[in-house]
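Note that chain A is present in both complexes that follow, paired respectively with chain B and with chain C.
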Partner chain A sequence: MFAYIMRRIGTLGVILLGSSFLLYNLAAISGDPIGELKISQDPRAKQQIIALTRELQLNIPPPFRYFLWLRGVLGIFVGKLDLGSTRTGESVGTAILSAIPTTLRLVFTASILAMVLGISVGIVTALRQYSKFDYSMTFVSFLLFSLPIFWVAVLLKQFMAIQFNNWLDKPTISLGALVIIGVVIGLIVASIAGGARRKSYSIFSAVALSTMVVLWILQKINWFLEPGFGPIFFFIASIGIAFGVTQLSVGINNKSALRSSITMAVVGLVFYYPTKWAFKLSNQTLVLLAMAALTLLSAVLVSLFFAKIDKIAIIRTSILTGIFMGLIRLLDQLMSTWPRFISTDAINYRPVPTVGQANSLLEPGDYWVTTLDLLMHLILPTVALTAISFAGYIRFARGTMLEVLNQDYIRTARAKGLSERTVIMRHAFRNTLIPLSTIIVVDFAGIIGGAIITEKVFGWKGMGTLFNMAINSFDLNLLMGVFFLTGTLSLMANLVADLLYSALDPRIRTGSGA
Partner chain B sequence: MKKNRGAKVALAVLAVAGLALGTLSPANAATRSTVVIVDSNTFTSLNPSQPDHNLVLNGNVAYLSSMGFAYYNNKVDYVRNTAFGTYKITKRTASEFKVKYTVNKGVKWSDGTPITGVDLLLSHILSSNDYSIAAGLGDPASDTLQSFDSLGYNGAYNELIKDVSIASDRMSVVLTYKKFFPDWELYGPGPSPVHTLMALANGEKKLGTYPHNVALKSKFLTAYQSKDTATLKKIAKVWSDAYDITTVDSKTNPLLLVGNGPYLVSSIVKDQTVTMKLNPNYNSGPATSGIETVVFKTIPDSTAAAQALANKEVDVYEAIATADSVAALNKIGSAVNVDGFAISSYEHVEVRSGSAQGVKDKYTGPFAGYSQQAKDLRTAFLLAYPRQEIIDKIVKPVNPKAVVMNSLQYFPGETAYKKMVADSGAEKFTEGTQAQRTAAALALVKKYYPNAGTTGVKIKMLWGQPSNPRRAAEAALVKAEEAKAGFDVDITPTQGWSAFLEDNKYDVQFYAWSKTAVTQSGNYGSYKSTESQTGYENATVDEIVSSLETDVLTPAQIYAKYVAVEKILIADAVSIPIFQWPGVVAYNSDLKGMDPAPLSPTVLWNVWDWHF
Partner chain C sequence: MNENNSVEGDSAEISLIERETQGLSQSQIVRKRFFRHRGAMVSIFVLTSIIGLVYSALDAKYFGVRIPGWWKYSIEDLPELTLGQCKDGLVGCPTLSVVPNFLGGNGVHLGDHPFGQDDIGRDYLALVMRGAQRSLMVTFIIGAIAGVIGTVVGAISGFYRGWIDAILMRFTDFIITVPTIIIGSVIGFHFGNLGVAFLAFYLGLFGWTGLSRLVRGEFLTLREREFVDAARVAGATNRRIIFKHILPNAVGIIIVSVTLLMSGAILLETALSYLGFGVVAPDVSLGSLISQYQESFTTRPWLFWYPGLFIIVIALSINFIGDGLRDAFDPRQRRRLTRKDRDRAKLGSKTGVQK
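So, the complex of A and B:
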């Protein structure tokens, strides 16, 4: 095993060395960093050419300059990594370090969302193979596959930001729009639910009608300018979560689990007003940490009170319920911040931004307003990235799940008389995750590389923008810095994926050579 | 009791109605005082006078935070800023030329310290190679890094200005030139807050008191006069490094933010925004009209910028003028004004006639030399160059008023343009229709290459990056039309094209020149034999341009010389202009006072006139 890893790391080094030499020279001959200055009539261009030639060592031919760069990189072994400096004299290391958090913030959320959504939808389509839902999701996933992100971004900005903000100026929904929205949502839900024609009709009419009624009530009570759940809806949502989580986690027949999750919902309701007070305190990071700890603690205590056997599973169920309830509570708190947020001078009743990472005109100090601002800036790029990338996960999860469901051990499990829930969640789902885990690892390495187009369209400056800038301004050191990081990460990720596969799947052995 | 209850109910109803109204109609009626400007760059330094940091956004921030003796307006006049100070020629003889720059009494830095002549001395240190060498700060002409990493060295300033000395009242400085120079105004001194530089060099972190600042100024003066290497090197380190910050917040050293312009940096979010606030002590230039905060927001993508404008996130966007961008901006509607304006760049074509100076191999292509054959072939090529078609298909979608440009010096629309076109003989390339010109060109080519009608003369053209769609379209139009005149033009795009401008492989090249200042020598400097990238050599042109660069001339004499150069260039058929680049600015229609200028900083030049 150890020998295998060492051998792999050895090859990794050789690949990096060869590819970096190739890339360095190809990039160096592709453009002239001082080209624009040569044709500039600015009397000061001459001094700029002198300075850049000196700082970027342009008088040394690229094949030799590569080794100067390599010397800095090899400094990593003595703890002095030096990736050189950019055209503007900034250290490449610093530039990359400041870009990584931005990229993570942008791509991480979207990737997690895409994975969770894609895998769950994929598995459901596999369970309902050849149903209406399966066909419609197949259609949707191929549609999303084929959309270019810059176009999706333009549409999202037009409809979810510009038009939405205009609408918010006078948030009323006309009767015609109300009917159309109701019918569309009804159709979607009915197609997902499937079943006989009659059942479809009743689901469609129920959903369509209730959507219209709910929207009508919401606009009458001016909910779009002053949104929120309030304690009652919070409690109803919590009960729903309690049932749902229990069903997926241990089955609704486990009475102690159900009792303890429902108790969690009651505890949540009791703490509704105290949390409201706590959200006004000064140090919100501390408050949130304390709340998370309290939620965990109460989940454990409540389940210990109800559980007689199988304690771990029940604790897990309660904790999951608590986490989801906490998220709903946070959403409610953000909603109650909304009126305060949109009436600030900096926002001026146009809350959805199309570009940037934060509104710098917003007065700092109000934790919830700043958080809401960050989230509003995150919303469009995240939706765009998720929409584009989750289609892949749907297809992959569906295929893997179908293959697993056809295995002999699934038939055996069913023959044993296990409940369908146990067969799916415990035997099929877990085995589906093995091949998925390797994809996820490689995808995560890709995340650091950034999303060049998305970052540009939404005005974020992460790794993708650095890469783009490096290419456009012939900034060789910056380009090589980005390449060095992404190249190393993706090679490492491949190694980790291989090791992970062998750890998860006992049929596969690495390194013995046999 | 009953009445009381009625009143209470009425009050409650009123209160509810008031609340409802309050939530339904957003309170956005208040006068705005913040203007958000799009910039495609990111901010890298508060000091754009360093070679690494000479970027548009850095320059714009510096433009707003400092005012000097003069600036360019939208009519390309060099306007004297009398609110700040005055300057006049004090001595002018055959051997001596002196100009005195005087700062007005009472003008102040933002920290309240008066601006004096001492503040004008730093620009000499930053631009004079001789001073740098004499003060032991290094030789800027060498390849090693100097103490001051300044953009000003090795330029005209160094060649012209011998010395800068301070007057006894310390409010004036006198620049002593080596000889008279027609464009002397462009090389005047600019103010720098030297007391803050001294304080930063001492490691101070707070704004100094008035007497302390005055004392620091005197110390700087002593260091300047005695060429105190140690002190100057400490200042150099601060000047070259301390201002290179990309984040400004409450922890930033306030000494770095002192200036005398209308707006000063108050916060910078790295790679995102630069926020500037009105300078409370501003009295160094034209009075501002109501804008209190100027924000530069970095948006690299043009569609994103247009949508941000539609979403009212930004107020001003100077777009890259393409047909698509203008169409997108016009679609936004009445909330946004879209104004076209001319910028000081022009596309032109140059035909190679020889090897550029310093290039070893000899150019032997069809256009080489000054024989009748070479001249005829160059003439033929330029005759068949489809300038009108390029304008109709590529420029007009952006600027419907665009016309063919026929003078290398004057832009269409400038007063002297028409006269120049009539006097220079530009009709050589404009007579008749394009079809007639192309036919004439084919006849010329056939004189030397009888088979040109079937197998064209091979020509290689340099035109730029393959990723530039406008240039690619231009090149394709040229290839098609030149084929009819017997030229087989190779328009393979060249990666890193600008490195090949002196390369003999290419017979023809077209690209844009961009003017940054108005000088007496005009746009002809690049046709001197020492400068020409296409190896053009003409003793008369060299002589006239040198005279324009150094002699004292009347406007009539200058014009006569311009005409003479253009005549020769047209006769030798080495270069013709094509069109002036259009600029376009889109801005919030509530914003008043926008009137862009052709020269940098284009839209920003009159920011003090802006108001909502």
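So, the complex of A and C:
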């Protein structure tokens, strides 16, 4: 195994050498960094040419200059990585290091959302193969596949930002819109639930009606300007989470698991007001960390109290319940910040921004207002990116799940008389995750390269912007720096994916053959 | 009891499907399945109509012979910006109307500028048609070149294995490392002025990696099958085995992934043009049209809608055709039985007729 990994890393190095050499020369012949200065009439141009030539060593032909660049990169082995400097004299390493957090912030949420949503929708479509839900999700995923992201972005800016902000000025929902929203949500829920025709009619009407009533009440109490859950709805949501998580994780028949997750909901309710007080403290990062630790600790304690056998599964259930409850609590806190947030001068009742990473006019100091501002800036790019990449996950998860469901061990599991939940969650779902996990690893490496187009459309300054700058201004060192990072990451991710696959699936051997 | 019933139903369904394909050759089965895929059939119709519409719209010149198009303007014409029936003092809005008079619309007519005019008065229908021509051409060139290279590389490395395989696959890794959009930008920046076909050609040279991996995997399994041994014993050369015996069996996977590659290619071209590395003015593609006019969405939305609509429709129909092909070629694919099928089966079993 060790020899295999070393051999793979060796070839990886050779490949990187080759492709960087290719790219360096391609990029070098693609444009002259001083071309514009040469035809410039500016008297200082000549001096600039001389300075740039000396700085970027342009007098050396590209194939040889590559080795100078390579010497700097190989410094990584003696702990002195030197990626050269950009045209403006800044170090490429610094530029990249300052761009990575922005890119991560932009792409991380979107990828996680796309994965979770895509995989769950894909699995549900596989379970309901050839249903109306399956057909409509297939259509939706193909449609999303075919959308250029900047086209989506412009639409989102118009409808989710500008018109939403206009609507928020006087948030009322007309009767027609109310009916349409209710019918759409009812149709979605009914088609997911499936079942006989009469059952789905009653599910549809119940969901559609209740959606309309809830929306009507919400607009009557002016909820859209002063949103929030309050302790009662927080508790109801927690109970719902407790039941849902228990059902998916160990099954509702496991009494001790159900008891411990419901106890978690009660604990959450008890801590509702103390956390409200804690959110006003000065050091919020510390408070959040303490809350997370407290949630974990109470989950473990509660489940140890209830569990007699199978402790690990019950602890897992309670921890999952705790995590979801924590997220709801944070959402509640953000909602209660909302009125304060939109009434600040910088926001002025137009909360959804169309470009940028953060509102520079916003006064710093209030942790929750700043967080909300960052999140609002994330909304549009996240929706755009999620919509685009979610389609791929649906298709892939559906295909894999169908393949797994056709396997003999699924038939065996059913023949043993296991419940449908156990068959799907324990036998089918886990085996579906094996090929998915390798895809996820490779995708994660890909996203560091940045969503070049998304960054441009929404005016973010991450890796994609660096790359774009590098190409447009013939900045060879910057381009190679970006490439060095993305290329290495994607090769490493492929290696990790292969190893992961063989670790998860014993049927696959690594190290055999080339 | 219930369980029992469903199991019996299952096996009845399987035999029903088997009966349907009895006595048909592989290609007949594939064709039959493909023609039954409604989405794919509609998409083929839509795609061919779009291709016909788009390529016959403008004047074209082949080998010095001038073929007139059905549309009166070309992309170089500069007609006056007309007011027409525009609202709010806009100029150059679309004159296309599809709502008939009796439904309260303006009647069905094309008008002088069905898709409107751009900011300097050029006819937008002509621009969109030219853009779609370019985008379609890029799609097909990338698909053809990447398809051929991917198949050849995958076939050779899967068939010969050993060091040839090792070298070819490391070469594939090598191409994969360079992100397509980076290579596209570098190429577009340097060679963009040489024309769209050239750009597409170069993009095709870098787009075959995924396909070659798939084909290699397919060849690795197929070469171990008995029919290959039989062919070898009969004295067939390697070339004959590859082209006559293995390739026909792998053609399903190749066709499917080439269609997916093509729908990706149209979006890649769009993205490159958006970044400014694709098609160079005065030539236009759908992507360059959108990126040029994205700022005018709030004031003159038609400049944004029409090219986007064409991109989506083209990519969507290619995707659906690919899906139909995948269903048709997948031997494990089980069609959903309709009520009609069940009725027919019941009738058959009652009267004892074997089809």
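Definition applied: the second predicted complex is superposed on the first by the 511 of 514 C-alpha atoms of A that agree within 3 Å, B and C clash if a C-alpha of one lies under 4 Å from a C-alpha of the other, contacts with A are read in each partner's own complex, and residues count from 1 in each chain.
Quick note on the criterion: a contact is a pair of C-beta atoms (placed from the backbone, for glycine too) under 8 Å apart; a residue touches a chain by one contact, two chains touch by 3 or more.
Every value quoted in this text rests on a predicted model; they were computed, and no experiment measured them.
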First (chain B), second (chain C), both or neither touched by A:Q158: both
Which superposed partner A:G240 touches (first chain B, second chain C, both, neither): neither
Partner chain in contact with A:S490 - chain B first, chain C second, else both or neither: second
Partner chain in contact with A:N348 - chain B first, chain C second, else both or neither: first
Touched partner set for A:E90, first chain B, second chain C, both or neither: first
Contacts of A:K456 with chain B and chain C, given as first, second, both or neither: both
When both partners are placed on the shared chain, which of chain B and chain C touches more of chain A: B
Those residues of chain A which chain B touches in one complex and chain C touches in the other: 29-31, 150, 154, 158, 162, 456
Complex interface listing, chain C residues touching chain A: 39, 161-163, 165-166, 169-170, 173-179, 181-183, 185-187, 189-190, 263, 267, 270-271, 274-277, 287, 290-291, 294, 297-298, 304, 308, 311-312, 314-316, 319-320, 323, 332, 336
Contacting residues of chain A [partner chain B, same complex]: 29-32, 35-36, 38-44, 46-48, 50-55, 87-90, 98, 150, 153-154, 157-158, 161-162, 165, 169-170, 222, 225-226, 339, 342-343, 345, 348-350, 352-358, 360-361, 456-459, 461, 465, 474
Residues on chain A engaged by chain C in the complex (per definition of touch): 11, 14-16, 18-19, 22-23, 26-27, 29-31, 129-130, 138-139, 142-143, 145-151, 154, 158, 162, 406, 449, 452-453, 456, 467-468, 471-472, 479, 483, 486-487, 490-491, 494, 513-514
Chain A-facing residues of chain B, complex: 20, 23-24, 26-28, 30, 34, 42, 44-45, 50-55, 140, 143-145, 149-156, 244, 246, 267, 269-273, 275, 293, 295, 297-301, 303-305, 307-308, 310-313, 495-499, 501, 511, 513-517, 523, 525-526
